[in-house]
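Presented below are the structures under discussion, each in the form of structure tokens.
What follows is a pair of complexes built around chain A, which joins chain B in one and chain C in the other.
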Partner chain A sequence: MTLEYDGWIMVIGVLAAACCAVPGSWLVVRGMGMMGDAISHAVLPGIAIGFLVSGSRSGGWMFVGAAVSGILAAVLTQLVHRWGRVERGAAMGLVFTAFFSLGLLLIVQTADSVDLDANCVLYGAIELAPLDTFALGGLEVPRIVVPLVIVLALNVLASAIFYKEILATSFDPELATAQGFAAKWVHYGLMVLTAATCVACFEAVGSIITVALLVAPAATALLLTRSMKWVIVWSIVLGAIAAVSGHLAAITVPGWIVGGGLDTSSAGMMAVAASVLFLSAAIVSPGRGVLARRWRARRDGQRIAIEDVLGLLFRLEERALSTDQDAVENMLRSDVRIGPKRLSGVLGRIRRGLLARVEEGKWALTEAGRSEARGLVRAHRLWETYLAGRANIPSSHLHSAAERLEHVSDPGIAKDLAAAVGDQDEDPHGRPIP
Partner chain B sequence: MTLAISMLDILLLGDWNTRVVVIGTAMLGIAAGVVGTFLVLRKRALLGDTVSHAMLPGVVAAFLVIQAFGGGGKSLIGLLIGAAIAGTAAAWAIPVLRRSTGLKDDAIMGIVLGGGFGLGIALLGVAQSLPGGNQAGLESFIYGRTASMVQADAIVIGVTAFITLIIAAVIGKEFRLLCFDESFGRAIGRREGLLDMGLMLLAVAVTVVGLQAVGLILVIALLIIPAVAARFWTDNFVRMVILAGVIGAVACWIGSSISAMAPKLPAGSIIVLTLTALFAISLVCGTKRGALQRLVRSVGLRARTGRQHLLRSVAEVMELNSTSTWSAKDILPMRSWSHARVRALHRAGLRRGDIRRDGSEFELTAAGRVAADRVLRNHRLWELFLIRHADIAASHVDRDADFVEHILGEDLVIDLERTLAGEPDTHQSPHPLRSGA
Partner chain C sequence: MEASTRPEGIARGEEHDPTAALSIHDLTVAYDRRPVLWDVDLDVPAGCLSAIVGPNGAGKSTLIKACLDLLPRVSGDVRMFGLPWRQVRNRVAYVPQRETVDWDFPVSALDVVAMGTYGRLGWLRPVGKKQKRAAMEALERVDLVEYAHRQISQLSGGQQQRVFLARALVQDADLYLMDEPFASVDAATERAIVEVLQTLRAEGSTLVVVHHDLQTVAEYFEHVILLNMRVVASGPMDSTLTADNLRDTYGGRLTLLEKAATALGQLAQPK
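Showing the complex of A and B:
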């Protein structure tokens, strides 16, 4: 293993990943991730025929063949879906398996005479790629770099030039069609790009790993940002990271586990690395990750629990009822949203936040606590009044609705509600609106 | 000649070894057709694809484990258990990932499929660089290799397929409910999550045994295509399930027979191409939704609509001009049709005996008169109904009635007459037929 050899493998991997990231982002936001799977399988007969015609892997024939069979598969899928009224997923699965078996048959038929085998198509031969070079200004450059660079440039250019069109047709096809963007042609254009990408990448990483590189970085990027431009940029970056770390893992990890300097398929590990990146983003992404959402849910739950306690104390004080420590805690223990487990934590937070304190065995709101509780109860009763007047909700259902809405009402909403309710100062249950 | 004889020999199961393989794959075809029907009706076709790709790491990991414990690494059952575990894990991971990320299904499936297969390739790389070197058979799980199937394998396939079939038969009713009326099923207490998981397990079982025959990339075709093809022949659920099983079995039989004839015909490909051919036949000739049948029906509908349009236009022209004859150029402005269309409709009318030619003029026959009156009457009944009961402006009813009049049945017309009781027999048009008229 030399720096030059491994370096080139990583360069090829990064190029392939970047190539896939651009159409992949569009496919994922359009909900067509599995179309990448279908096309990457469906280009096989085109590759085989192109190869039979030209007899070499470097010719443009293979590209033409792959693009034609990729498009043909997309069109046939659409036809089977429309004419046969077959569900789109089933139509896709039907067409691509038929194409793939045809391609496999062609390749097996010619396997003895030519140098193209099914394994190479399925999982690539990135390990052999750096050995097949040509001289470029004194530098030995792997031949496979050329198609990858061309297709990458094509993908980036097409996305940049037709950005607005693709964006419009992706998110609102009806509006786009009404504005004169031909959604159909954008769709088929994207299929052409995907097919070209699949054929440029299959030699490096194989057709199925291509699916992972198309979908995984783009899906990861969607977890990190919501702006389409950044989704594309992020998925290129993430794809590159997956390619480099995948190769490094392929030449080191099996050695750690089994020993003896063992290594494994770099392409396979690139797909694994892309999936690991996705899983990590799904867990730790600040906006949409599982941890962030858990944390937000926990924080909201705690805030709502505190507000419920304050509301209870306010109502007890209002009716001059006992705020005996034991009685209050018993009441809260049976509250569904607090319950016995969270009770002591919630009460502790209220004490530490100086919202209420215990004096001589009785709970008492502090000034800060009372003003917060007043706002809350005010929102609650305003909502009840509003819902009873405007939304015709029966009075038996008002409380539970207001109970939820009070926690999401900021002072601005309360002001609007007060204006809408007018000069009523009692809620439908006859309690004063504070 | 010898080829023909050997083909016949194979198709009729003359050779013991091929008999085993063919019967084994045919059993697989039945089970796949049946389970696939549920999968397709439940719109889970690509889920099966994802699961089958994600089985590769399971197979290779099982191989490595068996190897590490000194087994031969060739134990088919062991490898299939590995595949089943990986497939089940993938089927479980998809809904979990969807819920926890909020991404669409297709992205999740792409990741599970690509990532799982990548892991499989990476493990395969490890297995291949291990000393020992009897991992060559592993790749047959990717492409399938029926030729290497022995009696024991065929028995494994047959038994699994049989068990799958029995399970499918027992809970078929629940699945049917799930496929067609999910919310009703939920209301009467069926757990759709549990049933979906059960369906996925059945699919995993079929896929696992299918790996040997057609390989993990093509096994999805065995699940999808028979069901989709069967849908073109019947609207009845039970018949569809049976037919899908039969199609699957026939394709597997023919496919594995052909593949047994020559060395360079991979069984997986041949089986899938046979299935595709059966699908194409169903798509064209199917008696329920086939293209030909739909074509015939739409030609018939077009002819009937054309005749009714002509008769109504004729009746309106005669009413406007108070004549009993008309020429083609009188009819032309009545609708947006071409000269050629008007001529063709008149020719069809002459053939049918609705109208008679009298020089350059035409007149209705007695039968044509009755038919024209009926068409005009239906049109105006519907217009009146729309005005009185659907609050549609008089200026808009003509167009709406134009669409509906052709499919008004006998019963519906009687209903309309009852609703609009007290009207004269042939109604006046509720809107002016010509501006200023």
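Showing the complex of A and C:
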């Protein structure tokens, strides 16, 4: 419609996402992401009753009702788990669906008399939100912004003031309790915050999408950082990105596909964007992403292959055997860790790295290559000596064990090994330790 | 056998030994009415290195947790330095088993050790420079300074165990309750941990340590509590760690008691 209209939708989305990101981060690191799901559904009867009591959506009654029913659901889950001897996830499933359906019944039953309908609760009405405004210093501000700002401030303040307490009870609830920080009360405090967040957000994005905003940005942040403070910061940033890109996608993407100015649900697209962000992080995260792990595995594989070649050349030179180009390459072709496919790549790397070169049809190590190869063969023979002497490994198995260990022996380990082996200068096969 | 094994039917003293670092009187703990610890009575003298030894399911962890009010008691009274637990909270450090926490949690080794200072800080006061410095010093004592800023999932099992030890050290306590600090650590780490424990004792602290290795218990500790749902014996190592007592602790004599406990758990009537 207009820049102002779309702008407000994005502001509301960003506020909702930021609001969810804070308690969401805590829930996810506590391994309680499902609790966010449970609470977001369990607040429904509280919202309905609060709405019935006050007759409006703006009053504080809805928040009180939601907090009460959220806590009630959390306590009941615990009781069902303990007394019913039901596994925790199943207990949660029992309680929150019961609460949710009770809430739906209440809303449907009273739908004729009050202005609150099930669709709005489930899917939100972010497209309508910018139309219901109030004047604030000459600016028409959507009413929904007020509860979102208040709850966001509440979440940020509570996390900042009680950071230490929430952190301690999340990481080690027993020690924290022993230190005087009752984990139980921090848990319920967090449930209250989550419930308040769900109420503030349900009108904007609906109770189902709220779950996505609670869990997805936090799970994504955990792939990007290893510090709790940054998990919270990143969750807020990622949530905001999801909200903005979600709305932009909602007003453009259907146009590309269907043709014509057909919008889709902005809230739905925000959740989709949050999932896309998670998927991207899971693939490209520098520390934990699939690509980074692949790349590390490849790099290690290449290094080991190069080291194997250098080791072979060193041993051939040591015994004054032929390093004839064809013979060497034939031997390497049958090496399990190199094989015919990777051979030319590995040899190319060795040449470019000036570790060895071909002279008159024979392979020859360079000075740098020889020194590296000597270190490897030394580690290999030290390991064989050590394993034979200390670990009682039969001599037929020594070679394969040392073959694996030599590639992970940095100079520090090699020094410790040499000290452990003592002044032996031959390995168990009678070859000199270089 | 020494003082703590009472002949049946003789009334036990109601008084706690006020000089004991840990004094447990008539402690019974049950899970869902099924008793796991019966009538535990014991005193750990101040300034000694004491081991809790017993088979799996003997209630060793339960005993420590019940002392710290982490589990409800059916009956019993626990005193530390003659005082109830709530009054000595900050003089007591607890090292839980390593598996009880999530080591993927986004905190560094330093963060975890600094958590040891939270108790003294109390509610709302944030961790400051002083606490960070204390945490660094504790990491130094367990030889982990260079790993201070690593996220805890990047540490080996032995290093994680030492992080837990450092978190207890930073509490600068008079009584340390440790649950299996030697579980799945390598020999070098085990020696390093033992050295720290002995230093603490030399500084006047009391340590009560759940230990699973009968081979080393006499070497590392001077006082022992033999536990199997009840205290079989407790006292100085030499006179307590006898073949008879070990047979009573690990032998099959308790099947009757266990059957009774199961039956108690199944009783339909209220507690």
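Quick note on the criterion: the second predicted complex is superposed on the first by the 411 of 434 C-alpha atoms of A that agree within 3 Å, B and C clash if a C-alpha of one lies under 4 Å from a C-alpha of the other, contacts with A are read in each partner's own complex, and residues count from 1 in each chain.
Heads up, the rule we're going with is that a contact is a pair of C-beta atoms (placed from the backbone, for glycine too) under 8 Å apart; a residue touches a chain by one contact, two chains touch by 3 or more.
Worth saying up front: this structure is predicted, and the values here are computed from it rather than measured.
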| item | value |
| --- | --- |
| Fit or clash between chain C and chain B when superposed on chain A | clash |
| Chain B versus chain C as contact partner of A:420, first or second or both or neither | neither |
| Touching partner for A:98 - first (chain B), second (chain C), both, neither | first |
| Contacts of A:222 with chain B and chain C, given as first, second, both or neither | both |
| First, second, both or neither for A:272, with chain B first and chain C second | first |
| First, second, both or neither for A:170, with chain B first and chain C second | second |
| Contacts of A:31 with chain B and chain C, given as first, second, both or neither | both |
| First, second, both or neither for A:153, with chain B first and chain C second | neither |
| Broader residue contact with chain A after superposition on the shared chain, chain B or chain C | B |
| Single chain B stretch clashing with chain C - from 150-158, 258-266, 348-356 or 384-392 | 384-392 |
| Footprint overlap on chain A, comparing chain B with chain C | 31, 222 |
| Chain A contact footprint on chain B (complex, rising order) | 40, 43-46, 48-49, 53, 97, 100-104, 106-111, 113-115, 117-126, 129-130, 139, 142-143, 217-218, 220-221, 224-225, 227-228, 231-232, 264-266, 268-273, 275-276, 279, 283, 289, 291 |
| Residues of chain A that touch chain B when the two form their complex | 28, 31-37, 41, 80, 83-87, 89-94, 97-98, 100-102, 104-105, 108-109, 111, 118-119, 122-123, 206, 208-216, 218-219, 222-223, 250, 254, 258, 262-265, 267-272, 274-275, 278, 282, 288, 290 |
| Touching residues on chain C, where the partner in the complex is chain A | 65, 68-70, 89, 92, 94, 96, 100-102, 105-108, 111-112, 115, 118-119, 121-127, 151, 153, 167 |
| Touching residues (chain side chain A, partner chain C) in the complex | 29, 31, 161-165, 167-168, 170-172, 174-181, 222, 225-228, 230-231 |
